[in-house]
Amino acid sequence: MVEEEVSMVDITSKPPVYREASVRGLIKLKPQTINLIREGKIKKGNPFETAKIAGILAAKNTSQIIPLCHPIPLTHVDIQTRIVDTEKIEVFTTVKTEAKTGVEMEALTATATALLTIFDMVKQYEKDEEGQYPATEILSLKVESKTKKSSS
Amino acid sequence: MVEEEVSMVDITSKPPVYREASVRGLIKLKPQTINLIREGKIKKGNPFETAKIAGILAAKNTSQIIPLCHPIPLTHVDIQTRIVDTEKIEVFTTVKTEAKTGVEMEALTATATALLTIFDMVKQYEKDEEGQYPATEILSLKVESKTKKSSS
Amino acid sequence: MVEEEVSMVDITSKPPVYREASVRGLIKLKPQTINLIREGKIKKGNPFETAKIAGILAAKNTSQIIPLCHPIPLTHVDIQTRIVDTEKIEVFTTVKTEAKTGVEMEALTATATALLTIFDMVKQYEKDEEGQYPATEILSLKVESKTKKSSS
Amino acid sequence: MVEEEVSMVDITSKPPVYREASVRGLIKLKPQTINLIREGKIKKGNPFETAKIAGILAAKNTSQIIPLCHPIPLTHVDIQTRIVDTEKIEVFTTVKTEAKTGVEMEALTATATALLTIFDMVKQYEKDEEGQYPATEILSLKVESKTKKSSS
Amino acid sequence: MVEEEVSMVDITSKPPVYREASVRGLIKLKPQTINLIREGKIKKGNPFETAKIAGILAAKNTSQIIPLCHPIPLTHVDIQTRIVDTEKIEVFTTVKTEAKTGVEMEALTATATALLTIFDMVKQYEKDEEGQYPATEILSLKVESKTKKSSS
Amino acid sequence: MVEEEVSMVDITSKPPVYREASVRGLIKLKPQTINLIREGKIKKGNPFETAKIAGILAAKNTSQIIPLCHPIPLTHVDIQTRIVDTEKIEVFTTVKTEAKTGVEMEALTATATALLTIFDMVKQYEKDEEGQYPATEILSLKVESKTKKSSS
């Protein structure tokens, strides 16, 4: 049997303080798809707005998606999207709360969900003739910064 | 007002056929963390088993995480994890079903969730002195193959 | 691309205070159906008790149903149902909390869900010969009052 | 104790056939708010796109929101929004499936959620000086049509 | 690292057939509480109706509660409650479907949730002076029968 | 119509204090199955680790599973599993929080879910030749202790 037993960190005695985390993510798409996004011609709807909504909902549901995350009363989720160049889109998320533990997993979950939603919104343009996705790839997902500040 | 209106693809008239999708994902961790995983010494529990369970649950919940995905009765989800080298871990997911539409978003959502869960399980070892994560990064998430076969 | 970017209101710096919201809703049913409810003869079960339970569960899940709502630790949800006249039923909901933002969306979501559940419980009696619902209609859903009180 | 016992309809022996349901809903807002929507100036984001996404997600989650609804593999959800006049917005939803039971509850749940989301997106403009909503009201929610067709 | 790797059973190639499972559960309460239930005097509401609704919802959500369960389109859930004697209540659940795998976990999850809900509805009467529950206990949860029948 | 109306307890005015609850549960399995668990040979994966993860997730989701439970920000969930003898496994759960109401329902829900997950993980070894489960039974689920302490 395993030595490592699954266990949630006990945060009972930690004081609730202001916490913030920012995460950056990057997805590679075909240049033609980036053009269609730029021109507002994606048939399933605006990929950026849909991605933001999906990401915000996922941030709030993190403690049901990542097994050992504590439930945290998020006070703000901000998701920005940006066309970086002819084949890359960036998602940048900031999550804020006043809680006993940090919110980097919430920001990561929101950003991953936003990137996956962009993939879903444009996947019909990314497929090749055999129905494969040779060009599409999430290239990076990284915590940019984490802040903790006592409220006093 | 936007030109692009959000709309779900209508799959009513498509016949249900056998469908499969495989997705590969990669996360970069510190070599010390990889060693701790190898030795079974991660304090929060086995990161690979926890990641697999989180990924399987997420695959089954994809139509609530990605807004325009159809609900699909998955018949199999398999998630494999592997230490690639001194600083990379790979997650490889295969999803199967008999349905009117493909399961690449389910495989992507499962893999992303498994990678995020690995991050969460080891994050205490990845933090530097200032509580930041300079080394940790999801490096890739990509559909490896997608198959469709009429059941006859 | 859209000018309006989806964004959650930042409530981080607001103090948690006592908050209450009341919502009234009205559904029109056929007089025969109202009679069956009065006599306790609805085959699928008591529509009022089922509606209250569904409404309470929905109130607690509002931040997953309405995309930009903050998660709020509700401390009370009360749902009252009443036969108004021969063809109308009223649902009246009060939600209470101590939080950084108001709970009118929680009370609205609970009331809408309770009304929809009443519809579902009695829909077999509301159908005409062609399976249509010419008489059934949710007639109103309105915030009756909203209160905010500093706890001191 | 109650005579009416809660019970789910047994649909085991019904054949799966094509099913469709359409629902119309109406919300009353202040003329100034309608103008802001028309001009694309709602600060929280585009209310129509957000409402559509929330409605589609709710349609797919109906069997968890309305207690006695069966889980149904929806194959299409379409939500249209329209400014009716200087103070009314209409939401019109069509849901399709191939299933053993109808989808009117799914179309109703989607439409109610879309209307509530519009409310949430514009509520800052609807409040009066005392923080009340004297003008805002969901005016109607009604099944427009229900269709059942054997697939042969 | 563990030898046993978490893996979902692959049911892709199994034909969908009629399936049924029945589960019996038993909870022990104080005789005074049983009397209050009998007289319809439980302050939080009818424990049997609330338990049935909670159980039906849980049955439909089993694949999100039990990690390796497949999503199954349930066609019927029936939950019966019965006062067995002066200190025991029985919950008996039958679940039906037409699917590639059995529904005993769905029937077990529904029954467990119904028993827990009964506990919650009456817990104020079960507490002793020190706030403990010396008498209350779920005594049994057992699959009574499982049926599989090819539909031809 | 019912006398007993479903109603959530109003906890608005209660102060948040430290709360803890412990629950013990017991499941009976066949001796051969217990041996397979001991030897780490369960084909679907480690039943104890999977049960712990399922239990922790369920604890955090209690207010959506048990209708009248308040949402509570859990600060710790600990689940221990133990082979008691040749045919019994014990699950022991402790839940902690700082909240306006107790967490015994959270500890009960976690334990029940862990026991059900163990059942699911080993059910292929528990079936007899006719696909029935004559030996398998959840034998007990009981609150061991409940603590409340003002934080000052």
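Chains: A, B, C, D, E and F, in written order; residue numbering restarts at 1 for each.
Everything that follows uses one rule, which is that a contact is a pair of C-beta atoms (placed from the backbone, for glycine too) under 8 Å apart; a residue touches a chain by one contact, two chains touch by 3 or more.
Remember, it's a predicted structure, so these values are computed and weren't measured experimentally.
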| item | value |
| --- | --- |
| If a chain touches chain B and chain C alike, it appears here | A, D, E, F |
| Selected pair, out of E-F, B-E or A-D, that shares over half of its residue contact pairs with B-D | B-E |
| Interface residue overlap between copies chain A and chain F, same or different (over half shared) | different |
| Furthest chain, CA centroid comparison against chain F | D |
| Cα-centroid distance, chain C relative to chain E, in whole angstrom | 27 |
| Approximate Å spacing (C-alpha centroids) for the pair chain C, chain D | 13 |
| Separation of mean Cα positions, chain E and chain D [Å, integer] | 31 |
| Shared interface positions of chain A, touching two or more other chains | 2, 5-9, 40, 45-46, 49-50, 52-54, 57, 67-68, 71, 73 |
| Interfacial residue positions of chain A with respect to chain D in the complex | 45-46, 49-50, 52-54, 57 |
| Chain D-touching residues of chain E, taken from the complex the two chains share | 18, 37-38, 40, 46, 48-49, 52-53, 56-57, 60-61, 71, 73-79, 96-98 |
| In the complex with chain B, residue positions of chain A that touch it | 2-9, 40-46, 49-50, 53-54, 57-58, 65-69, 102, 104-105, 108-109, 112-113, 115-117, 119-121, 123, 131-133, 136-143, 145-146, 148 |
| Touch list for chain E against partner chain B, complex | 1-2, 5-12, 63-64, 67-68, 70-73, 100 |
